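One chain, chain A, appears in both complexes that follow, with chain B as partner in the first and chain C in the second.
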Partner chain A sequence: MKKSGLVGFIVFIFLLSACSQGQSQQSNPNDLSWDEIKQQADGTTVNIHMWGGDEGINQYMDEWVAPRLKEQYNITLERVPMDTQNILQKLQSEKQAGKKDGTIDIVWVNGENFKNAKENGLLYGPFRDQLPNFNDYYDQDSLAFQYDFGTPTEGYEAPWGKVQFVFQYDSNKISNPPKSFDELQSWINENPGKFTYPNPDDFSGNAFLRQLLYATVDDPKEIIEEPFSNEYATKKAEPMWEYLRTIKPDLWRNGEHYPASLTELDRLYSQGDVWMTMGYNEARAEHLIEQGVFPESTRSFVMEPGSLGNTHFLAIPFNSSNKSGAMAAINFLLSPDAQYKKLEPTYWGDNTPISVDKLPEEQQKKFESLDRGETVLSTERLENSFLPEADSGYVEWIKENWKDEIIRNQ
Partner chain B sequence: MQYKPRMKTASFWFLTGSLFLFPVLFLIVKSFTLPWRYQADFHMHFTLRGWSTLLSENQLISATFISLLIGAVVVLLNLIIGLSAGKALAFYQFKGKSIMDTLFLLPLIFPLLAIAMGVHIAMIRLGLADSWIGVVLIHLVPTIPYSIKILRNGYVSLGSAMLEQSTSLGANVRSRFLTIELPLLKPALRSTIFLTFVISLSQYVITAIIGGGNVVTLAMVYFPFLQSASSTVLAAFSIWFALVPILFYLIVEIILCFLPYQSPWRIKT
Partner chain C sequence: MRLSETNKAWLLLLPAFLFLLLPLYGLLSALWSSLTVNGAFSLSVYQQLMERDAFWGSLFYSLRIAIIATLLSLGFGLVFTRTFTHYLNKTSGKLAAWIPMLFPHFVWGYLVLLLFQQSGFISYMAFQIGIIESREAFPILTNDKNGFGMIITYMGKEIPFVILMLLPIYAQQNSQYHDLVRTLGGNRWHRFKDAEWPWVYPVLLETGVILFSFIFSAYEIPYLLGATFPEMISILTYDWFYAGDWSERPLAFAAMIFTSVIIGIIAWIGFSLMNRKRWLLTKGSR
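Right, the complex of A and B next:
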């Protein structure tokens, strides 16, 4: 009796597995015209897998994008919360197992993740240059779209937004925020325990150190233009480690403990334990003030020599079973209307990579007159301080060496 | 040293209060107030924002039901496997029993992620990846070792004498199981059910990999919010997350009442 039960169970599982296979394959959208792609996308469902830890972003996708995409393209958008690394892990396994009909149609990537995905052949493409909105409203030759942390994009991802690294401070406690890293150093010295930065394993902590690296070499171009190598990095980074060792005793908890993530630093800031925080999104304070996390007197600042900025992108996995639908949806997300709504502080406040001067006049005005909120620096200020990211090799290198240089070498 | 009963009660309430009641109450208060700034004003600002954000998360309800369903199936499979394996380990002697015993514990020793990644490829080939059945199967990995251990100990303390006697009095396997084993194993069953359900509920990474985002359980919605700095939303979400096992526990208690000899009006002799 027991054996027949087991056999039955196995047969049952195989029957179930048979049901999930046998989906029809679409023809490759590479050879199709845009009208044909739109036609193919009509009435389909598109699954976008993306990080889901920000309610502003989630609401933008669910409440604003999804209904309009349904209306304009007759596409049902399903948002699935999932960390990018898990998504890539899944795609990697699917590639190995030869699974052709994947369940992910759009992923949100940049930097290291894009590099890994592209090198391992996890992405479909090139598709970017087929998108009408990209061709009409974006600067085709912009270096920000050609390279993603030094990796050539080659049309495998389409720019969705851009962000710049800014610092936040409480204007009730600090009247003149530092203008350069030297001034920051003396400020830390005068206000011991009121500053810290996240561990460089964290995305934002790592960006803080990359920015410091730019500031401690003679000219940021030395880092941006030179391809990454261990020897070069070791040589150039010595002043940075020196700087960090100098400020260490005056950091929060005497530099014996660092926040493990930006979230932790934000909590310290929101409780008034430290007086500055930072983050890779120039408009982030708006949202956090509205939620009551940050005090209303929060303002932001950037320092010399400038502020790191990067673009984030949308890409299509190699085994998406609805590539036409994905392209139509990405085209919609790149449209001026969707970009404008994304820029508004209501939901997200994320900056747009669109070229405003390519838009029709009416929309140009709309974009230019938009008030992003009091805590966001002016467009001019941000553009003047913009510094591109260097080779993504620095990210890993900083992670590995920071522990040796700062934690172990007491 | 002898404890006075009153001292015992006092220390019980002190420990319960400080280690259990206070954190729970604190969490509830937190879910209704804005984050506190200790150095500025110490006022609490009442807000419903945490709960409204939580309830506007449009996958919340469906994710809760999927979690309950998956958890229930995982618990059921655990009981079937745990009862049979536990009984065998408790009563039968066979070659390699101790090796078998160790093997059953291995899933707890190996990193779960490594297992999941290996199993994922096999599941894709079988067509089980991206389905809730695949998720149920992978949830068995971190739960089965516990249920086998717990139910095995349950059978050991039950002893074989009672079961042998019922057989000699003519009971068949079925009625012996229903009227003797299940009622007497009730404490062990209860811990198995609760433990396996909670483990299944809180699996994030393996659910994400095997379910591939098609199976959106509560953990899939909840875990990304851990990175949000808004402690109000997080507190509301955590309470919701804790309510699910409590709800499940209540359902299980009601079902357990239907076991033989459980009627509260039964005359105990």
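Right, the complex of A and C next:
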């Protein structure tokens, strides 16, 4: 009996290791024409792993995209909600374990996550330039697609959307929102306890500081165009730390505690504890009002010298077992129809990276006449204030230094 | 073939070992990752870790919070069980005491947040009744530096657990011991010390080790209710682990190995104390 237990144990171990075997049968889509890729994708299932924290986005994928993808390409789309960091972690573990037949076909990435994934060889590619919709409707030379937070994309990801960083305020409580960071400073001084920003470990809190960094140097170009180095950042960031130290005593809770996430800041805003919130999506207030989280009187604003914007992308993991299906699905997500629906406030309200002037006239009109909602600033206002992201090195650098400069030893 | 007693014991442990394979693998690979730099054995990660003030700060902070929360839970749990043994023996009493165990820690944490934060329910009531002049005057009890919010949350969740562990002892205790102590002229304290403590003590120790290990390294409650600074070790480790360029990952592994070792030491001390006690008990002397 003892022996059989041992045998069972060994069998169990073999079973465990057997899971990691198996070969991918598909040929590399790099050598195939688009028609062959479409053929290969026909009747398959594509697993997209993406951040699932926004109901609007989830509904867009499940209710609008999935049925049409089935209809047009005969592809079944399975959406798995997961934080991007965890997706990359999973891929990294699979790579270490030598697992060739992965379960993830598409990931939604940008910025430092993309940099990590690309540098650690977690992505398949280049594939972007094989997508007909990308070639037809997108500006091939746009710097916004060539670089992702300073990392060259080199065709390893395809642009899916773009967002801009905006602030939200309650128009019942504030009649004239600040127009610059200087005005914000005096506003905070006059209204102590009514403003705070998320901890820079949080994505949005970090973006707030990057935006402030742009505002406290003489010209944002100094940050955008210079390559990142610790010395340069230390030198340039001093006025930013100074600014933060100045406003600190007048922040919510005297600047001793900061919301750990944007959700927490939104909660404070919805309870009226603070009067402003912010976020990396110019249309976010629309569905937050609809869900009853934000007061109806919420409006958004941007400040001088501009509003941070970035493009977000779709990529394919190195071990996806359905690369052709993934490419077909991404091509569909980049199509004018899918982009238009994504732009509408109904589901998501996410801005499109598509070049509207490359579209057929009828669709151009459709895009141009779309009303994105009352809380969203005009396209013109957004475009005029657009500032691209600098090197993703700043994200990490700010995370590392903020606590030392602002919280500890103060 | 007849199995000897020892063999039987090993066989019975087999499922537990199978189950432990996964965490054990995780622990070993963390140890491995923290001890190798570019494929070669090196202690440099640990050296780096020792030099970080942030690490020591949050290690001692976590120790403090975990010890306070554990002792308070044990203390309140013990007093509660002793006082209400009679009611707790009824189903309704048990239900009332154990309801908090139905909720996950995260839910309980949110409840504490909604009750105790400055704009929460208690401050609202205090303001309405007129105890405080404005809601800002309400003391900061969540996300605070002293960890009040975290400790309260853990107490709410762990006291029922302590009751669960202690109740069988009190339900079955032999009242003759009490009578004996009383006959010999012992007061209340003597009755507790001689007629209850010897049975309660090992269970308290065991429960204490479980609670300490959990509170010391748990992530969700510190994330929800902890202050920006000082931070619990789990938060620091998580930030290191997910730092953008993954360069601080070895540090995260090393810090977790460090906490595992501390938990290991405390568990070892606890169990050796307990075994001695048990051994003395079976010998009939204390």
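A few comments on the model shown:
Throughout what follows, the second predicted complex is superposed on the first by the 389 of 410 C-alpha atoms of A that agree within 3 Å, B and C clash if a C-alpha of one lies under 4 Å from a C-alpha of the other, contacts with A are read in each partner's own complex, and residues count from 1 in each chain.
Here is the rule we use: a residue touches a chain if its C-beta (ideal position, glycine included) is under 8 Å from a C-beta of that chain, and two chains touch if they have at least 3 such contacts.
Because the structure is predicted, anything quoted here is derived from the model rather than measured.
Contact with neither chain B nor chain C is seen for A:Ile174 once the two complexes are overlaid on the shared chain. Once the two complexes are overlaid on the shared chain, A:Leu370 sits clear of chain B and of chain C alike. When the two structures are aligned on the shared chain, A:Lys90 is found in touch with chain B, with no touch to chain C.
Shared-chain residue A:Gly52: touches chain B; no touch with chain C. Once chain A of one complex is fitted onto chain A of the other, the partner contacts of A:Val356 are absent, as it touches neither chain B nor chain C.
Judged by the touch definition given at the top, the superposed model places A:Ile407 against chain C, while chain B stays out of reach. Once the two structures are superposed, chain B and chain C can be ranked by residues of chain A touched, with B on top.
Look at A:Asn116: by the touch rule set out above, it reaches chain C but stays clear of chain B. Touch criterion met: A:Ser392 reaches chain C, while chain B stays clear of it.
Legend: residue contacts after superposition of the two complexes on their common chain; A:Ile224 is shown touching neither chain B nor chain C. Overlap of the chain B and chain C interfaces on chain A: residues 271-273. Chain contact summary for the complex, chain A toward chain C: residues 1-2, 5, 9, 12, 85, 112, 115-116, 120, 193, 199, 201, 253, 256-258, 260, 268, 271-273, 392, 395-396, 399-400, 403, 407-408. Looking at the complex, you find that chain C touches chain A at residues 1, 3, 7, 11, 14, 18, 54, 118-119, 136, 140, 143-145, 223-224, 226-229, 239, 242-246.
By the touch rule above, chain B contacts chain A in their complex via residues 34-40, 45, 47, 49, 53, 56-59, 117, 120-121, 124-131, 133, 205, 208-209, 212-214, 216, 220-221, 224-233. For chain A in complex with chain B, the touching residues are 13-14, 16-21, 47, 49, 51-55, 58-59, 62, 80-83, 86-87, 89-90, 93-94, 96-97, 99, 103-104, 261-263, 266-267, 270-273, 288, 291-293, 295.
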